[in-house]
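What follows is a group of structures, each given as structure tokens.
Here come two complexes built around subunit A, the first alongside subunit B, the second alongside subunit C.
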Partner chain A sequence: MLRYRTIAAAPVRSASATWQVITGLVTDTIATAAALSRSEAEQAMSVAAPAGRMLVAGGHLDRHPLTLIAGQVHCEITTTSGTAALTAEENLNPVPGVASAETFTIYLPSPDPLGAVVSAAVAGHARLSGATPPAEPQATASSAPLIDLAALRKEVTGR
Partner chain B sequence: MTSVSTHNLTFTRTHTATYLTDLILGTISNTLAHLGIAASRFGRDWDMNEAAINAWIAEGFLAQVVLECHRPSGVVAPVIEFPVSYTTAGAADAEFTASRARLARFLAKLDQVPAGTTYRLFCTFTGPHTPQPGWGPATRASTGGLRSTTFGTLGRAPDGSAGMRYLYR
Partner chain C sequence: MQECVVADGVVSATPDERALWTAIVVPEGVKERLRNHSLLAMRVRPQVPFTVTALHGLCTLYGPPGTGKTTLARGLPAQLAPFVPGRQVRRIEINPHGLMSAEHGQSQQRVSELLAEYVPVLAGDDPAVVILDEVESMAVARSEASLAANPADVHRATDAVLSALDHNARQHPNLFFVATSNFTTALDGAFLSRSDAAILVPLPGPDAVQQILENTLVSLAESFPGLRELALSPGLAAVAAHAAGLDGRRVRKLVFEALSLRLETVLDPAELTMHDLAAAAAAAEQDLAAQKENAHAAV
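Entry: the complex of A and B
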């Protein structure tokens, strides 16, 4: 499941405030998974903060998303800056579909010239990565039927 | 009518300060990275620097933010100045713009500095300003003998703009 979230950055929020909002979104999402730890997500985002604030302030997250992968969910989080941020519509609710996730990784983008900064940050926590996120597993997620037609037929017709 | 104007002034000055602060700090981040200067301290001090510069722009007396690069040889170069100018409320369009693509091209041409080069940040003022944690009086290095290139306007906001000037050997 590919999901998207866009967060309003400057002039609506400073880079540090924007990173706090992104942190809240990530940790609230991870907290919906019974097998995952909110505090671990908070620690990871805290370790990533020095690089994250630079990515926000430099406008890099406007173009290169931070990607949270938890179970089958791939959520790309970007920012919007400048005049467009003033009218941006945000959805800060936890990303759905993570409840059964058993692991997660936060992928930070590594745009030029901040590659070394991001590399140093992701080295500080096992849940962080500066690699390109793996492709979304579309085949298993989208090809499976949403309704079990055989079970429904049996329930309705008794056959 | 008066109360509406007052509200708009407060709104735009606050947003202008936030926007220009991010623009300047984001540009310093990118500049340090391009020059090859370790930015870990800059990252750790982010909240402190952000709060101070934001407050000083909101007050309207921050003249410029200055990034000095101190080489192991003792030479101070390059020096990057970020002058801030203020416009009368209502005189500018209510737009927030940045020259990020042009900035990326400009920074890509910079030469790296020798390993071990460190940096210092300064702010200069045109009037009274509130004290901010982590900031105190200091003296800038001389820029005598340095050549300069003016980048022009980094970005604009309704109540002000920020530019950049690059001084080098």
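Entry: the complex of A and C
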């Protein structure tokens, strides 16, 4: 399930405050999963904070999302800056669909020239990654049939 | 979001669930269209791209109040259950009124979050019927809603409904939405255009009124056996003729209106006579005529 969240950055918030909002969104979402711990998410986001603030300040998150993958949910979090930030409508509620997740990973983008900073951050916590997030599984392409054709055929011929 | 979901559960074709469908007396074509459209959507949408089918998995039931639209929608999962692999269909009921917020920008966000995110999570991979009752409150006709009288949120909420329907049409073929409305003119044109079928649930005709009266009396006869003879009496046709024009809900209540006319029938409902029913029907007919006259005068 691909989800999107957009957070208003400058001039609405400083880079630090924007990162705090992203941290809140990620940790609140992870906290909805019975098998996952909010504190672990907080630790991960805290380790990522130096790189995260730079990603926000440089406007990189406007173009390259931070991706939270927890269970079936792929949530891409981007920022918006400038005039657009003034009118951005934010949804800061926890992302639905994480309740049954048993693991999570926070993927940070690694745009130039912040590659080294991001690499250093992700090395500090097992829940962080600087890799390209895996593609979202296509649920509909290979899903099982919704209709039992044999039962339907029986109904049609039984009339 | 949870407060906007008034019911969420798994339904199989039990007698209680099937009774929702059979209790509603409408031309058989109405029920068949609804059932067949939902089966067809679930049959075709997982296999054929949306660009080919343009099927949104949405059916709109419209018509006067009290004609059984919501009950039909609630009864649909049990009609589908025998034809799905697990023999169970999830039923999710949404209260659209709960989505509208006085806070700027919140209605759109809530609609989007509920329909595009929360409902798919609730349904998972199961076949699911999602009921949007009185949908006109969330899919307001933008052409009719003036920006002066309606907050911009109303317009944005309608946009969000349309976006969510488009999203679900492509991503979640297991979802089938049934919207009900008493006012099709209040519904947004783009919403109606997304409906795979807009089905009129009409007021019952005289035959249907008679059948509703008969069904109600037969059901009551399970507790008060003396009513069985009345239920099967040919005189019921004359009562039904007087009650023509009432909606199904009011026809059912007509029996209880008749029971309330005398203290004897309150004590023992089996004492109900055709005369009581005829008196109640005549009174209802007069009420209906007066209502029409008032409405005409108001216009």
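By our rule, the second predicted complex is superposed on the first by the 139 of 159 C-alpha atoms of A that agree within 3 Å, B and C clash if a C-alpha of one lies under 4 Å from a C-alpha of the other, contacts with A are read in each partner's own complex, and residues count from 1 in each chain.
Definition applied: contacts are C-beta pairs under 8 Å (C-beta built on N, C-alpha and C of every residue); 3 or more make two chains touch, one makes a residue touch a chain.
These figures come from a predicted structure and were not determined experimentally.
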Touched partner set for A:103, first subunit B, second subunit C, both or neither: neither
Which of subunit B and subunit C A:113 touches, first, second, both or neither: first
First, second, both or neither for A:132, with subunit B first and subunit C second: neither
Touching partner for A:89 - first (subunit B), second (subunit C), both, neither: second
Subunit B versus subunit C as contact partner of A:39, first or second or both or neither: neither
Partner contacting more residues of subunit A (subunit B vs subunit C): B
Subunit B versus subunit C as contact partner of A:3, first or second or both or neither: second
Subunit A positions touched by subunit B in one structure and by subunit C in the second: none
Partner subunit C, residues of subunit A touching it in the complex: 1, 3, 89, 91, 93, 95-97, 99, 139-140, 143-149, 151-152, 155
Interfacial residue positions of subunit A with respect to subunit B in the complex: 9-16, 49-51, 53-54, 56-59, 81-83, 85-86, 112-117, 120
Residue ranges of subunit C in contact with subunit A within the complex: 1, 39, 42-43, 46, 82-85, 105, 108-109, 112-113, 117-118, 120-121, 125, 127, 170-174
Contacting residues of subunit B [partner subunit A, same complex]: 15-16, 18-19, 21-23, 25-27, 29-30, 33-34, 39-40, 43-44, 46-47, 50, 54, 94-98, 100, 104, 107, 157
